[in-house]
Amino acid sequence: MSKSMDERMAFLEDRIAGLEDRMAIYQLLATYGPAVDSLSAPTVGGLWTKEGIYDADGKTPYVGNEQIGNLVQGDLHQSFVQQGCGHVMSMPHIVLDGDTAVATGYSRVYVHSGDNWHVKRVSANRWELDRTADGWRVVRRLNRVLNGSEEPRRILGRELESEASGDGA
Amino acid sequence: MSKSMDERMAFLEDRIAGLEDRMAIYQLLATYGPAVDSLSAPTVGGLWTKEGIYDADGKTPYVGNEQIGNLVQGDLHQSFVQQGCGHVMSMPHIVLDGDTAVATGYSRVYVHSGDNWHVKRVSANRWELDRTADGWRVVRRLNRVLNGSEEPRRILGRELESEASGDGA
Amino acid sequence: MSKSMDERMAFLEDRIAGLEDRMAIYQLLATYGPAVDSLSAPTVGGLWTKEGIYDADGKTPYVGNEQIGNLVQGDLHQSFVQQGCGHVMSMPHIVLDGDTAVATGYSRVYVHSGDNWHVKRVSANRWELDRTADGWRVVRRLNRVLNGSEEPRRILGRELESEASGDGA
């Protein structure tokens, strides 16, 4: 009797932990935009693990918290911020696997210009995440613009294959 | 005593199940874009029930997993993919009702063109969902472009009426 | 023994409540766009507390449910709706603190024009929320366009500071 209650409780704990993991990953991705657009270098860098990688096309990959945080000092980024910009992540597709996870989705960069904002970048993103003592952190982010080439399409499709005949959730 | 513990546990189980349902619907909607943009026809089709319907304006509704999956072969879609495109869903408003649900929100199609991405489509979406043995699946998706006509506005407002004086959540 | 079970249960209840809070705030923000784009004034107003404030740049702040709901009657809003428009919120960054919360994120207004939708507004948003007897409600929303000025950047960065060296979730 007590054992069965214990088992039910353990099962609930697992389900809650799974929900918390997903919610924490949503939160992490929702932190990135406000952090880069407010030039908050330590927050940007702190989303990654110590040896974390940010690999965006056309650039040498950034490695480690400091390099990644300092991307907000880049010329193009500074120019966007001066004009007025928003880096917006989509609600991601998430695959959890114990202490690792992959989030797949889109990022867009809107830049102010006259009476409108131009969409200067729409990219496919793959966020490889690890559970650390401080919470979920990015081990590697791949970012490739959706310009018709094959690689961004592969990034978007990669985690879907195992689900084609399975549960959408 | 044991009964009261049992009741508390059952109440928690219900609340967790409600959260899991919402999270699964977020995940389903976050799967659609990566699936169509990577031309993953079986994944696209598999988001719907066997008899599911995708009703997008200006087109004969697609019916069933295969027809819906094959929409990625359409001329316009193929042309967008060749140029570079992203189909991005907004975080939806969700109404859960036992084994059915309705998610209401926006979709946008960004298409690469020169130095920018053009927003080629912004639509109102109504996703009618059923809980199946394999998880949540789409029974019917209504998609109407926000071009100033009445129907997309009705789609956006339809599920809000019952909430006007109630709980926003 | 029974006490320990009780404690485990209470801990789970707290964690579930925290998840429900976040989910309710997502839902509230996902209600705003469909409400203004379908001209559902009572729903728009009802997202705020009785004395709630909506402070958008370039306008006298709206105060209270009725004034806020009636913003859908404004000339610019009506003109956007006639052309076809979508007000889309990003997945927000959320800081929960007991019965109050702050959600930080982006809003975009897409307006139909010829073969495209123009992005007429990209803003930084700060939603200050209270838990009320009817659920989470907006006490104050700050909305500032991302036009290169300092204030929207401060809005985006404000809640991140306490997290720079802490948990991303």
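Each chain gets a letter, A, B and C, in the order it is written, and its residues are counted from 1.
In this section, a residue touches a chain if its C-beta (ideal position, glycine included) is under 8 Å from a C-beta of that chain, and two chains touch if they have at least 3 such contacts.
Everything numeric here is computed off the predicted structure, so don't read it as measured data.
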| item | value |
| --- | --- |
| Equivalent-chain rotation between chain B and chain A, CA atoms, steps of 5 degrees | 120 |
| Same or different residue numbers at the chain B/chain C copy interface, by half rule | different |
| Whole-Å gap separating chain B and chain C, where each centre is the average of the chain's CA atoms | 21 |
| Where chain A touches two or more other chains at once, by residue number | 5, 9, 12, 16, 19, 90-91, 118-119 |
| Touching residues on chain C, where the partner in the complex is chain A | 1, 5, 8-9, 12, 15-16, 19, 22, 90-94, 104-106, 108, 118-124, 145-149, 152-154, 156-157, 159-161, 163-169 |
| Of chain A, residues touching chain C in the complex | 2, 5-6, 9, 12-13, 16, 19-20, 23-24, 26-31, 33-35, 37-40, 42-43, 46-47, 81-86, 88-91, 110, 112, 115-119, 134-137 |
